[in-house]
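Dropping the structure in here first, questions after.
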Amino acid sequence: MGFTHTELNAAVHRAAVAAAQFESELNAADGKLGDGDTGIMLRRLFERLDAVSLPHDLGDAFKSLATAAAGATGSSLGTLLMTALLAASHRLKGRSEVPWGGLGAVMLAARDAMLSRGGGALGDKTVIDSIDAVGRAIDGLDDGAEAKVRSQKAANQMLVEFRDRPCRLGRARMFGDRSKGIDDPGMLAFTRLVEAVCGEVTSR
Amino acid sequence: MNAADDYVDEMLDGLCSMHPALVRTGSNGRVIARAVGAVKGKVGIVSGGGSGHLPLFTGYVGEGLLDACAIGDIFAGPSVEACMDAIRAADGGRGVLRLFGNYGGDRMNFNLAGELLEGEGIELTTVLGRDDIASGAENEREKRRGVAGIIYAYKVAGAKAAQGADLQEVTRVAEAAVDRCRTIGCAWGACQIPGAAGPTFTIGDDEVEMGIGIHGEPGIWRDRLKPADALTGEMVARLLEDSFVKNGGRASVLVNSLGATSLEELFIAYRSIASLLKERGIEIVSPLVGHYATSMEMAGFSVSILAVDEELESLLAAPADCPFWKV
Amino acid sequence: MNAADDYVDEMLDGLCSMHPALVRTGSNGRVIARAVGAVKGKVGIVSGGGSGHLPLFTGYVGEGLLDACAIGDIFAGPSVEACMDAIRAADGGRGVLRLFGNYGGDRMNFNLAGELLEGEGIELTTVLGRDDIASGAENEREKRRGVAGIIYAYKVAGAKAAQGADLQEVTRVAEAAVDRCRTIGCAWGACQIPGAAGPTFTIGDDEVEMGIGIHGEPGIWRDRLKPADALTGEMVARLLEDSFVKNGGRASVLVNSLGATSLEELFIAYRSIASLLKERGIEIVSPLVGHYATSMEMAGFSVSILAVDEELESLLAAPADCPFWKV
Amino acid sequence: MGFTHTELNAAVHRAAVAAAQFESELNAADGKLGDGDTGIMLRRLFERLDAVSLPHDLGDAFKSLATAAAGATGSSLGTLLMTALLAASHRLKGRSEVPWGGLGAVMLAARDAMLSRGGGALGDKTVIDSIDAVGRAIDGLDDGAEAKVRSQKAANQMLVEFRDRPCRLGRARMFGDRSKGIDDPGMLAFTRLVEAVCGEVTSR
């Protein structure tokens, strides 16, 4: 069995729990060079997403999530997430199931939409670099359990790989070299969410 | 304050209950619009931005100024939905100008809102406030952020729209006001976002930072606190170097408290600025001194200079009426 | 600021250069008067007090408000000479009302000024602002000090004088406004007098003091910082207990920043106050929210309630025009 | 020889030097319960008084000082001092010299004017208590040198005597018992000025 609205529902719920759990860690990460609201924003955003009841059509399901996100936050990260949800919605319109191997392509489509919305590029040390890495890591991989393991690994690798590079987008960009050695809060947040969604595979 | 999560909603409720000419609208109540509704046949003007800057942004909804404003959490952009709601609330059938600061998030949200509204038949234009000279070099002016000086763009665009001009004309004067306005701020005390663990930045008791942004974005230098005249001297020099104002020209000046700084200090600064401009033969028109664009209780002030031409000067002097600015 | 000794003079210069309707006069330049001069045939109204409270006191010189104001150093009363100069500047031949806060020094100085002016033939009366309920018990009302609520007395006396009333009538309405007005403040951060070694008082980072005076005079209690609604609840209860406002009556409300406190916080407070008054059937007329009487950069706010009758309500709504209050 | 405009001139000058010297001590004393401006106020006030050129007629001389004081400060202490100068002026009108023994009565007249202006009473722990003590200590004493010694003694005794009593006037009154153990800044200032004016008698 592939990815359906049931998996989406569970993923959103796990993400919501994780967002609440990591709120202060993410605020602190954003607080180093940014405005310190990544955690609180994600907590509130996922609270709202978690309350959405998802239709079976994955296009509609992602659309409902995007609509909820549209009202939940105005932060850059939130709007980029909304952009990603809209991209997924376009791609999955009319389908109620997608094989695990197809999820990577959805993420890569989301990545492209986010790049164009945010005016950034890969390598700028943003959440998009993590999404790109995860999308590529699982692209075509039909084993759901393995995809989960690889997602976590890819996200964490990106965090390490980018840690000592400078931010070139978002608020932290203004600090130039001072952003070296500091995790990008969007990358960190995405990594924590991936870990929560993919961690210790529960019985299905 | 009460609970951090209620801060913005309670603030907006208080604002509207105090000023019955304003109403909260939009699906999350995160739009402030004129109680009389959109003016049919008039070009609409919307703005938007984070909370924590009152009177900016919402405080400038009123006659001869903005028609609606989308508002986010403290120092966070308005949601895409709020942007859509604000545009709809401002639509009087002759198009809507989106006039907001040049922040990545706000840009994304207003753009996305515009795309999602395609099909509703509202003609849209965009002008980005970009007055903060400390936020980008002169040859990268399009990257600069909008700060206090954006209220000049509100004022002239609002006046032009009130005169019945079309969307292109309203957009043109807003762009002209942005083009001819320069701002620089300095601060010596930070502010605390409700619910956040610490202040937005830290600064020593005896330090001042020149060029700081309205969310505490890092500035040009940080040093021991200096006398007011030294600060204003440098600020005016930087502004004039970068601006259109010619010796012998005319300009409006806005001396703005970033929050905690008292009117006394602002007048001391104004005195010095006025005399520096006078020395260069620049005549001040329609000066403003007070709390116009704040950062919660940040201690510091900003100086904006708008080089006026005849059109801008007369639009500045045109009647306007919002809770925080009456002409 | 620049040199502490120049603080007040530079501030007054800035104020007058920004607002050409105001002029500095008096032998030390420590009087602010209307540039048009005393209005012949109108009762004059003077006030006075220390610097550091802008817009109070000098900021209220203008049409339908004060005619002149004597100003002292930061938190220090105006000199006897300035009081004399202010009275002369306000004299339009129909007598002058001295309307100032009930501080020992100010009282001495205005009284001495009056005695020294005997022989110049200016008829004088005195009304003392006494709205701060935390500064004295209800049975010692005549000892209470005047704080933010004095601006209501300025407004109604100014309107009455502008209507051509005589000195007794102007004095009567000023006294009525004082009589029907109650204020209480609270603060959680001190201010620093230029040139002084330390802040005017010390308060813990997480503490609030209820009933504090506008120079940091000690209040009723000090405790851990509480939510806004808890503070406003207590403040409104104390004000109503002590005041004339009847259930079902009408009242104006002034929510005033003591300096550093943002408009956001004031609107959050206003929202709560408005709903508390509504619960008691009290209708709010002509509300005011903003910086009206500050203590440099003190963090805190005050709430004033003026129980209006028909006359006060119409005088409040009468036109007025000064740099900080336009009706 | 008694007290003439020369002595008055010298006294004002010594007071001005002392006011500058003790500025911070007096600010600090006032800062304990008041607004901390006694020192700065007196320094500025005496700077102005010191600049006045005094006519020979003592009534006119005191009047000139009062007029200068009227413009120099609005503080309670300053206005009370001005009241005292006016009282002295009334009392000495038309005289260019007063015997040392007559100075006490001038001070006691000033005391009464100050009490009536300020609405206070003796025993309230204010500058007037010190003036009263000095005035009584030198009343009728024709030996100028001895008068100076007694003045200093009386002022210092008052300071000690009142230290543990509560303030009943001025700002400090609001602190009630907290004002016990603390010198009233007005009394302290007056004592310092008396010491400066009367200290180590220089050759005359």
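We call the chains A, B, C and D, going by the order they appear; numbering starts again at 1 in every chain.
As a working rule, contacts are C-beta pairs under 8 Å (C-beta built on N, C-alpha and C of every residue); 3 or more make two chains touch, one makes a residue touch a chain.
For each chain, UniProt lists the protein as follows: B, C = Dihydroxyacetone kinase DhaK subunit.
None of these values were measured; they are calculated from a predicted model.
Enquirer: Could you state the distance in Å from the CA-based centre of subunit A to that of subunit D?
Expert: From the centre of subunit A to the centre of subunit D is 76 Å.
Enquirer: Once you find the CA centre of subunit A and the CA centre of subunit C, what distance in Å lies between them?
Expert: 55
Enquirer: Roughly how far is subunit C from subunit D, going centre to centre by Cα mean, in whole Å?
Expert: 33
Enquirer: Going by the touch rule set out above, which residues of subunit D reach two or more other chains?
Expert: As it turns out, subunit D has no residue touching two or more other chains.
Enquirer: Where in subunit B do residues touch at least two different other chains?
Expert: none
Enquirer: What is the shape of the graph in which nodes denote protein chains and edges denote touching chain pairs (line, ring, star, complete, other)?
Expert: line
Enquirer: Can you give me every chain pair that touches, using the contact definition above?
Expert: Pairs of chains that touch one another: A-B, B-C, C-D.
Enquirer: How about subunit B: which of its residues touch subunit A in the complex?
Expert: 5, 27-28, 50, 70, 72-73, 75-84, 104-106, 108-109, 111-112, 116, 135, 193, 195-198, 200, 215-218
Enquirer: Please give the residue numbers of subunit A that touch subunit B in the complex, ascending.
Expert: Residues 24, 27-28, 31, 35-37, 40-41, 44, 67, 69-76, 78-80, 82-83, 117-119, 169-171, 174-175.
Enquirer: How about subunit C: which of its residues touch subunit B in the complex?
Expert: Residues of subunit C touching subunit B: 1-3, 7, 10-15, 17-18, 51-52, 54-55, 59, 227-229, 259-272, 274, 287, 289, 291, 294, 296-297, 299, 326.
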